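Shared between the two complexes below is chain A, which has chain B as its partner in the first and chain C in the second.
Then we have the complex of A and B:
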């Protein structure tokens, strides 16, 4: 409330004073319009159905519609229907996020990770919270929630009666105990209900529009497991999720909406990548690291790629900074921590020494598009979802034992399928790594420490490098290695032999 | 010099005086604080990071520092600080606590922590060997805190940091009042202790808190000025206190010099700590740099 009075009411004035433009020139788009525009106008498709879902916009929480853009004609985005607050899929999921002891609006992906450890045994109970209405929408039973009346707590005491006591955020989740298993089952159940609801809504939208393409937007579209099920079961042939479907992406969405629809400018294709941020400067890293007496090397192109591939094959953990920063929550190859994906030891090492994650959370792989189908069971249309890590797909059974660090407990992975044109150097690195080990797959996790944002400039990457056990740091053409890492003789990876 | 190292924990402890022995036996009987049976590293980190101070000190200590914790107890802070390329030596008087800490370090897969049994009066470690000397909640349980401080300062290299946490004379007043009532009632009735209320459902942790706070055989309390006096005597430059001794200022960088050091303001700040720290043990931290 304080925030609404303090800031939101004066938004037009704040924007106009910061940008120095008159207030009447500031245009507003609705929240879900922005989500829809961000999803549709960045996707390489001319006609598509659009579905957006998040916790809450102004009042809308979920909307369906369609969009059309023509090369020389007008662009249209239509909304057929919307569901309004307090009935919200995002809020349902966030309520469970809070109940399971995670941070709301931030740690929803932990619920998704935990879900793989449980069985959806509580689906009936979750369905009591969310009722389908005859018109195809849904409604929450507000007796179980409190998010609409208080900011203190999302769920009510009836919710506790139904599911048992909530988790203490400071106690570990121990999946060997009944209590830990109950929390995993809760996560699995709400995940199942979310997927089922989204699939049904998407299927209805497909029947209504008859279009082959679907654009998904809003924070709920970050749920890769649900996205994969929508692709498989809703009837759409292709599903597009932008690299930043959450609220950050609304900035792009609002700008595109105004350009194409308010101003009626002709349609132009957008570059199909997420690299919109500032570029990294390798020489800045070289200067910093030399001052501190680290081992610094400047090498170019193939020599650098070969050197890094050797490092990775020797089980070194590499901080990889290249070109422009990704826009959105996923590290897609420009600010990444890379490592060998083969063993659980590597996963535990990353958890223990760098990411400080709960042990139940998986790491994601990156694989070149040419060989993706060899290692992952990606359905037709799935490579598009996997372009920005928006879908979770099974790892092929025969490779799971050699891809342990990136295979989740249910045998899946949130894989990034990399086209050479999107990040050529990372693609070359994958190939070089494949030549050494026989498996051109790398573990790719965002370059940050727990609770910190993804690094941007070289100095941030360098600071992170010093505060954890990353062995090698690359920015542009500069490679820095810690002296301690250079001294440890890592045994040569035996994997090559195994594969050959 | 030869020494024994049972269970991989070197024993450098020389026989101490009677009062030190009393304290040692107090902790031998009940190591403090305990680890839950299924604790893991992410649990430890999550728990530690509830405290702003833990986050600040972790951010302030460089990734390749050599750290010694004097009086580590079961070593939870040491294990929390054992990140990146840091090396942490965790020293304590009590083998029972060290054994718990070393077992946890093994379970968590941390290989950069070394537990050592020693008496801080004769630590048996090389002078000037450490970038950071950290000791919290320890000196006020020694017979002569100012003499003990002189001993541990030597472990820091010139330019190295000293981080010292002791009970504050003011902030401890509420607890002493509670303790007075508790003693009259034979520890049957301890009024208004928020920590005990928090641990209502955990009798073991409740008991641990009562023992540590209400039944300790040796306890001193110190003012900020007193600690600054120790710093001056031992060639340690005073940087700042946590909570901040400058009014209306938050501590952001723990190892940076405070904006001001005005004695009167320090006294006022300490009066404020009665409210701010009084609900817990009343521990305040002082940070200095060895000349």
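Then we have the complex of A and C:
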């Protein structure tokens, strides 16, 4: 209530004063309307079914509808119906996120990663929490939850009776113990129920609309395993998920909704890439690194690509900054940490020395579209889903032993399939790396450390580079190699002694 | 009781609060909560200082800030690990009650800092005073922790770093602003005082707001709660049809 009275009711005034526009010019779109617009109006399709799902927005937690746009003509987005709070797939998943000791609305992806280590042995128990209603929707049994009555805890004591004690967030998950395995089984079970429910809802929507395309929006659409099952089992031929399907993407959705529907402006195609942020400046990196006495090289085009491919082939870890920053939570090739994908040692090294994160979390690969099918079992329509890393697909069995760092425990990977036009330099790097190693696949993880946002400017990449064991940093046409502290201009320990 | 090193002598105000601190830290639950909060504060402070490293144009400061930020992140980990160890021994109650830190929400008082807008000298003055205050408080915490040697050891280790932070910020301030560094320190002191007032005022208004909302909750809301519960009972689960014209007006927030 404090939050509502303190900020939310004054939102028009806050936006108006921050942007310096009159209050009457501030318009409000509904949350799921924005999700729907972000999913549909950024997708290269003229007519599609639309499904949005998240924890809650106003009252809606899931909505279905369709959209149609004509080139240089009008746009319509219809929402047929919605499921309302407290009945929420997002909240069901978030409740398990909290139960498993992770942060709600932040760490849901960890539950998905953990699920692969478990068996869905608790599906029947999870189904006690969520039942299907006669009209094809679902309802939560609120006796097992507390998120609708208090901000303190998501689940009730009955939930604990059903699943056992919750995990202490400050203790690591040890998958070799019965307790650790129970948590993995919980994750696998809620993941299975989420997938089943989404597939059934999507299948019903496909039967209702008869359309070949589905646009997915809302935070639940970040669940790549569920997205792949929707593509495989719902009947839709293509599934579109924008690069930022969560609440951040609502900003684009709201703007597009107002432009195309409220103001009635004619439809225009949007660039089909996620690179909407500020550009990186290689000269800024060169200046910083020279000031600190690191090796700096300015190379151009092919020479730089060749050099970086050599670095990667020599098992060096590369911080890669290129062009404009990605919008959304995925590293899609402009702010990435790149590494050789072949061994588990590389995965463990990245987890231990750079990302400082739980060992059960997988790393994603990036592969050129021309050869993606050789290494990954991507179904028809899957390359679209993999464009923005929105689907999880099997790594082909014969390549798993040579792609250990990016193959999850269940043999899958959240692969990015890269078209040359989307990120030409990364595509060229993949090809150059393929020429050296025979496998044009790289491990691609977001350029940040645990708990920090993805880097934006060169200076942020540089400070991240200095704080972890990334070997090489690239920004634009500048390549920096770290010197050991003994070789830098004034070692930090000396500095400490001097000034202390 | 106090260390012989002068920088570790707590301020008079902190010394006055020793009995309160002894009581606060005597309870294992409160200790865990405090350590977890310190962990968050140190990590947040680390992010702020890291940002300072990224925005400064002075190469030496950049490297010192970076080292400082790494220390703060490490302190966050130390506090978190110690809290986890305590939790393992005695799982925490859900409500830890009064913790006595109403006026000092952050160990370093780095809250509400707009790093991008601060000059190097303002930042250094601010950091110096924050580190000095933290060192003073941490000395008290260490000294009241006789009954818990591992937690005491954590404070001891962190205090060692605080000394470096306190000294380098002052040295660098004198380097960056040789003639006006005292003025910057006084300005930072006033700013801290103003923030104390703001915290007091915010705390007080929070109490008043809570009281008013609680009164409203019991006096005004029951009829609405009764109506809402009745409506909830009538509400069907499953799909709700979205009327085609229902969301056409974009002028209203609700």
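Assume the second predicted complex is superposed on the first by the 482 of 500 C-alpha atoms of A that agree within 3 Å, B and C clash if a C-alpha of one lies under 4 Å from a C-alpha of the other, contacts with A are read in each partner's own complex, and residues count from 1 in each chain.
In this text, a contact is a pair of C-beta atoms (placed from the backbone, for glycine too) under 8 Å apart; a residue touches a chain by one contact, two chains touch by 3 or more.
Computed from a prediction, not measured in an experiment: that's the story for all the values here.
**Q** Give one word, clash or fit, describing how chain B and chain C relate on chain A after superposing.
**A** Clash - chain B and chain C, as placed by superposing on chain A, overlap.
**Q** A:171 in the overlay: touching chain B, chain C, both, or neither? Say first, second, both or neither.
**A** both
**Q** For A:395, decide between first (touching chain B), second (touching chain C), both and neither.
**A** So A:395 meets neither chain B nor chain C here.
**Q** For A:468 in the superposed arrangement: first (chain B), second (chain C), both or neither?
**A** Touch partner of A:468: chain B, not chain C.
**Q** For A:285 in the superposed arrangement: first (chain B), second (chain C), both or neither?
**A** neither
**Q** Please indicate which partner A:337 is in contact with in the superposed arrangement: first for chain B, second for chain C, both, or neither.
**A** neither
**Q** After the superposition on A, what does A:352 contact: first (chain B), second (chain C), both or neither?
**A** The answer is first: A:352 touches chain B but not chain C.
**Q** Between chain B (first) and chain C (second), which does A:482 come into contact with in this model arrangement: first, second, both, or neither?
**A** After superposition on chain A, A:482 lies in contact with chain B alone.
**Q** Please tell me which partner, chain B or chain C, touches more residues of chain A.
**A** C
**Q** Residue by residue on chain A, keep only those touching chain B in one complex and chain C in the other, then list them.
**A** 170-171, 451, 466-467
**Q** Which residues of chain A touch chain B in the complex?
**A** Those in contact with chain B are residues 169-172, 174, 176-177, 348, 351-353, 356-359, 450-451, 466-469, 482, 484.
**Q** For chain B, which residues are in contact with chain A within the complex?
**A** 36, 38-43, 45-47, 49-50, 62-64, 83-85, 108-110
**Q** Which positions of chain A touch chain C when the two form their complex?
**A** Those residues of chain A that touch chain C are 1-2, 9, 11-12, 24, 27-30, 33, 63, 65, 78-84, 87, 133-139, 152, 168, 170-171, 258, 262, 288, 291-292, 451-452, 457, 459-460, 463, 466-467, 490, 492, 495-496, 499-500.
**Q** Once bound in the complex, which stretches of chain C touch chain A?
**A** Residue positions touching the partner: 43, 47, 50, 53-55, 59-60, 62-64, 66-67, 69-70, 80, 83-84, 87-88, 91, 94, 163-164, 167-168, 171-172, 209-210, 213, 237-242, 244, 247, 250-253.
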